[in-house]
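First chain A sits with chain B, and in the next complex the same chain sits with chain C.
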Partner chain A sequence: MSKGIKDKVAIIGMGCTKFGELWDKSAEDLMVDAFKEAIKDAGIEAKDIQAAWQGNHYTEVNIGHSALPSSTTLKLPFIPVTHVENFCASGSEAFRGACYAVASGACDIALAIGVEKLKDLGYAGLPDARHVMTLGTLYRIIWPNHTGPGAFAMMATRYFDRYRLDPREGKRILAHISVKSHHNGSLNPKAHLRREITVEDVLKAPIVAWPLGLLDSCGVSDGAAAAIIVRAELAKNFRPDPIYVKALQIAADSGESLMYSQYDYTHVEPTYRAAIKAYEEASIKNPREEISMMEVHDCFSITELITYEDLLISPRGKAREDVESGFFELGGKIPCQPSGGLKCFGHPIGATGIRMLYEIYKQLQGKAEARQVEDPKIGLTHNIGGFPTRAVASVTLVGLQ
Partner chain B sequence: MSKGIKDKVAIIGMGCTKFGELWDKSAEDLMVDAFKEAIKDAGIEAKDIQAAWQGNHYTEVNIGHSALPSSTTLKLPFIPVTHVENFCASGSEAFRGACYAVASGACDIALAIGVEKLKDLGYAGLPDARHVMTLGTLYRIIWPNHTGPGAFAMMATRYFDRYRLDPREGKRILAHISVKSHHNGSLNPKAHLRREITVEDVLKAPIVAWPLGLLDSCGVSDGAAAAIIVRAELAKNFRPDPIYVKALQIAADSGESLMYSQYDYTHVEPTYRAAIKAYEEASIKNPREEISMMEVHDCFSITELITYEDLLISPRGKAREDVESGFFELGGKIPCQPSGGLKCFGHPIGATGIRMLYEIYKQLQGKAEARQVEDPKIGLTHNIGGFPTRAVASVTLVGLQ
Partner chain C sequence: MVGIISFGIYIPQYRMNRKTIFTAMGWLNPVGVPGEKAIANSDEDSLTMAVAAGMKCLGPFDQNKVDGLYFATTTSPYKERESASIIAAALDLRSSIRTSDFTNSLKAGTGALLSSCESVQSKGARNALICASDCRLGKPGSAQEYAFGDGAAAFLIGSEEVVASLEGFFSVSYDFPDHWRSEFDKFDRTSEERWIRDEGYNQFIPEAILGLFKKYGLESKAVSKLIYPCIHPREHSQLGKRLGFKPEQIQEPLYPKIGECGTATSLMMLAAALEEAKPGDHLLAVSYGNGSEALWFTVTEEIKTKSIETGIKEYFKSGRELTSYEKYLAFRGILPVETGLRGEVGPTQLVQAWRERKAILALYGSKCNRCGTPQYPPQRICVNPNCSAIDEMEPYRFSNKKGKLFSFTEDHLAFSLSAPQMYGLIDFEGGGRFNFDITDCESGSLKVGMPMKMTFRRKYVDEARGIYGYFWKIMPVRE
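Presenting the complex of A and B:
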């Protein structure tokens, strides 16, 4: 049996733009900014890159289909550049493509880059005409006619019911998750939303889809992020503190459980499946003890709560206890969203997976400034695409050697 | 330095639908048909597959974005499935993704599948509103306002001029290419266009963009193709005659030569770059002697002529001599398009790269029936995306061990 790619590849440079409403920058501008920071950080030049993967979802209104926009924008002549897309996990897929290429021996130095301009798209999470076209035939037939907030809100009501949480109490627990992320985001110069909020603010915010309100929802932003990946044995030629890939797993749901109405609406099965495999690949026996910090896919506060359990950090139904004890706060046992998360960065689809890795990379190198987690060893990123009922999820583990 | 993936992976099963105007089949139907043939051919079941890559370009009007449509359609629960796209080389990218994953050690058995319904799209090679949206910002600015036929026709006129070919003579040489492909296609039950044509037919056909006429142009078809890839050392556990990947190279043009008006319009630089690297990876010193047969990207007859030279099979300006001597015909030294090529299969974008491999795979196994090439050892597939001025090109070499 294959054993995965543990310790076969390492990250030697990363770049990330400031995220936000970047009306004065094109998708190409953002790619160039993230790319330049990444190659400078790695101490290489553009010509050293042997292959590249770009993650982008709404290509039509961003950089366009194919590899050619990246190839042109980044001036990468005649190397292979590949466009990958997997809904909200598109950035993670770009990273995965580059890692596999290097681990396979096809090349020594590869680029993963992700970008999305959501503001230009007029994105509001609603299935308007453009989205319906994007989603294709199958989705028009089998997807319930609900929005992103509506679908995740159903997880919250079902979670409250299953674990006997009074809805007001449940909403207060979810509010703590947003308050924690906003605190971290307020310390991060690259975040979109940089202000502290209180539990009261969250509870008083307009409702989007009950029980989720405006401050339970991630922002809508533009941004780009990039990573330079090399064969592990070469990594120390470039820098003393490369970050090694310990596991990289993706799982996609084929929807069978939904079709047979077996879905419990209190977990995301692909997250759980990807996590199990990632821990096995990285030889992690007890994630609650061994993971130092996480960046997870908090498109909504309930998504983060459920992810604590799907990742086997909190026992089923017990994540609320960890929220209340401060387990996931910056000074806690496993800081979650030290960057501020999607809550404060928004979710430029193609960029997010790599943006999460950027935070973990800087944390492991001790360069996270006011957000620095104490002595981290292993970081986890988790990125999901799709709806609770039908998702693709990636779990990546990285660490110092 | 990395040495590529030569002999690290093998193909143990392939499937391919009949190509054509398949109004009664959806993209999902075609995927299922190609997939079922592939797993049956490999002697495995769907549950044996550990990861998958899907190639599709016009996702909006086909299966939709992300991996979820494939995951659902093929009933592949909880394995990673990834959508890759690189214009007309999207099928080759799906194959490359699966090969890298297996070669990296991430998995043992992977699926590559490509599909496209071009007929449903109303595709005519014209930059209508839908295409312009697909192509994105950069293309709207830098691409000349020309069609596919128009762009490739410019290669023909420039080629005739550069190599002192009287245009009538040039058009006759191009006609021989189409006549040869139609002969092969007439022998292939999976081809879309299955009739012999004559040089006269080609010369009398309506002009699309002078000198290219209707019979210099590939058809517009629907279709799907699939491949099962395993680690090379496992391949003989599945079948006695697996086909090994000897080289797999892609090159993308960043457009710098065009911007500085240095483009000669008589070659496609990424094809040449990918070919050089592929021959090096496969340790091929003299491609004209060592390649047994080829499936190349004949979107137009001139593309095939120029590709003979870009692949270093014919010397520059001399491909016409090889066309006239029958070098590329079924009984010739290097049969080109034994399947009938894009000319007879059309070019369902996401499927083509894998459909080409299907022909080579069957030929190497001695199963090409009336089209069988005598005792082939090494086959080449070549797939380009984009325009002559700005292209991504893949060159893949496969062979018996």
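Presenting the complex of A and C:
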């Protein structure tokens, strides 16, 4: 019987670039910036790293295939480097690879780095999955003329229908989620979008994919983030306040959500499955009481709303009550997106999973400045790749020992 | 007895008032023609309209019993690649059949109809489906732009349960250059209108009709409906009158409400006449183009058993007005529009498209023999988590299933010539779910749970590689 990852590995250093439309920075620049901060934070050098994982999504039209983009840029010393891709969860996948390698005992120090240079691709929003063939060549023919916002908009359509929410009322609830993230983002110097907004701003914003508007959608950004992982028992040799991994779960859809008509399209099944396993792995009995803060995958406001339910924080159909009571705001019971989230910190696909950890890591160490959550113990990150009907989802729990 | 077993008309939803064309182009060519013309949607062409007419014509008829498919058009998407075989695949016909494209002349429609009757008469086939469809481009500012409409008709020809038997025909053939289009031309070139009227239209149609009368000893008073195309509403009525036909004997032309639909015109009018026909009626379907062809049908008692799904009268009444002339030009590729990167098209893997042709063109998924779950695209391992049977599937066709809209969006980010791009998931009756583009649907009209059906459409055009990507979309069921 496996015992899981709990307390086997720790993060001893992290780096994260500012996210944004970084027209004058290359993907290589961003990797170096994140890496430089991470090794400095850990107090190590490149030669100390024994294995590395690199997460990136738009590989063909961005950094190129294989491990070489990071190994050659970072001058990693002829070590095993693995390129991983799992849609928007590619960063979490890189982190999982590094953690598993260290936990297995195959190495003592591993690097996880995620990078994406979306703004080189020439699109407002993400490139069409069908066009750049990230769904494969058959789906290029049989898949609708689909964008990310549209895929998640269909979840809002269902959610409003299922819980009998008038679309105007539904949009108003969702607007609170964006307003909260913009407030947090305004406090974060590395965030892409740093402007406070109002509910009225969200409701007035142009529709991107009905019922979702521009301010229901996250930033499309460039950025990189990196983490240095060591065996837990070595962690204190590097720093007094390492952060320990309590759970690390990724669930990939079996195809049911798309092809089997039992799926309700008001949740993301892989999130729910990964959450159950993560809580079990971390021995968390009551997540609503035990989790101090969360960074979740708010690619769109509706995604954050249903994630509260998928993570068993809010009961099904009741997330609106927690939204309206301020439960997820910075001063609330479980602050969500203290960084500003994908919404405002930004969303460079391959970097996002590690960027979420960066925020939780800084919060647990008490270094989050104006947006510091009070006395956090356990932080959760949640990262989705793909669409609600065809998704991978990761749930990671980390804490101070 | 050989003749028509079944028939179907398809006319696209959009109508353009000719005043809209006049407003845009009247400064150049002030043609004062009243009425409307039917316009194919941005994802339709002669091939997809043929599939729509073919589906209506076949109805519940077992498609495995169809022995041939003949397609008539002057507007094939491909110059070389048979449209008939794409249509046959979309209609899920067997591969052991004859297919052929009849093209390059407006009389190709009656030509295909006659050839299919002859195939059955000679016992080369038990039956054959013919589809005639056209989506002709009128050059902006031309008389053709006012006249042309888009539409299709399909007939199932056989020797059993015939509703109208072919009694005879008469053909005349001339190399009459009233209009032509070479490989260098996007639009038809035309000769002088008065010459066409006097030396072509008013000569060949009478020659075919009188030739048929003489051949079979038939007289105009015996004819219940005379069907022939229209080059101008006034000329149309006068031609019949000169031949001794009363106005009530002349089938209402398509020109005023739909426009002239090329090779499909006479066939659509024949189908329209059959919708109203009584046993014993004699129908004369005449085409015009490089000569003329007259086909004589006699309606049988079987006509009483036919129910019409959407008849010409509904098409005359229905339709959604397209008020933007510029949008029409963009639909037809006449006006280049900014598509952005999202309008760019990646390559199609033709090897894969061939291998998966049943799934793509005929919309076959699979159905689990153990648990009965239908699924799309076809799977080898059952998607039902409580079943997971491996290799216990049978092919399962979705294209003929209706369903309910499970969810949807209107996407303003995706590029579409019919923006906003609508798409959604359909729950098929009998099980199965997948997501498709939604077409022929007004913004703001979608509701969760509304009834939907499948329609075969042109999903993309890859101009760089000369590929048309055809696939199925969903559309609201118009009750």
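Operating definition for what follows: the second predicted complex is superposed on the first by the 383 of 401 C-alpha atoms of A that agree within 3 Å, B and C clash if a C-alpha of one lies under 4 Å from a C-alpha of the other, contacts with A are read in each partner's own complex, and residues count from 1 in each chain.
Here is the rule we use: contacts are C-beta pairs under 8 Å (C-beta built on N, C-alpha and C of every residue); 3 or more make two chains touch, one makes a residue touch a chain.
Computed from a predicted model, the values in this text were never measured in an experiment.
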- prompt: Which partner does A:T147 contact after superposing on A: first (chain B), second (chain C), both, neither?
  reply: second
Query: What is the contact status of A:F19 with respect to chain B (first) and chain C (second): first, second, both, or neither?
result: neither
Message: Just checking: does A:Y358 make contact with chain B only, chain C only, both, or neither of them? Give me first, second, both or neither.
response: neither
- prompt: Is A:F238 touching the first partner chain B, the second partner chain C, both, or neither of them?
  reply: neither
Message: Between chain B and chain C, whom does A:M155 touch in the aligned arrangement: first, second, both, or neither?
response: second
- prompt: Given the touch rule stated above, what does A:T389 touch, chain B (first), chain C (second), both, or neither?
  reply: second
Task: Have a look and say if chain B or chain C is in touch with more residues of chain A.
output: B
Message: Just checking: does A:T59 make contact with chain B only, chain C only, both, or neither of them? Give me first, second, both or neither.
response: first
Query: Is A:Y100 contacted by the first partner chain B, the second partner chain C, both or neither?
result: first
Query: Touch check for A:A209: first (chain B), second (chain C), both, or neither?
result: second
- request: Across the two complexes, find the residues of chain A that touch chain B and also touch chain C.
  value: 133, 137-138, 142, 254-256
Query: chain C touches which residues of chain A in the complex?
result: 122-125, 127-128, 130-133, 137-138, 140-147, 149-150, 153-155, 157-158, 161, 206-212, 254-256, 258-261, 263, 265, 389
Statement: As the complex stands, chain B meets chain A at residues 1-5, 8, 26-28, 50, 57, 59-69, 71-87, 93, 96-97, 99-108, 133-139, 142, 231, 248-256, 269-270, 273, 385-386, 390-392
Residue ranges of chain C in contact with chain A within the complex: 341-342, 344-346, 348-349, 352-353, 356, 359-360, 373, 375-377, 379, 383-385, 406-416, 420-421, 423-425, 427, 431-437, 448, 459, 469, 471
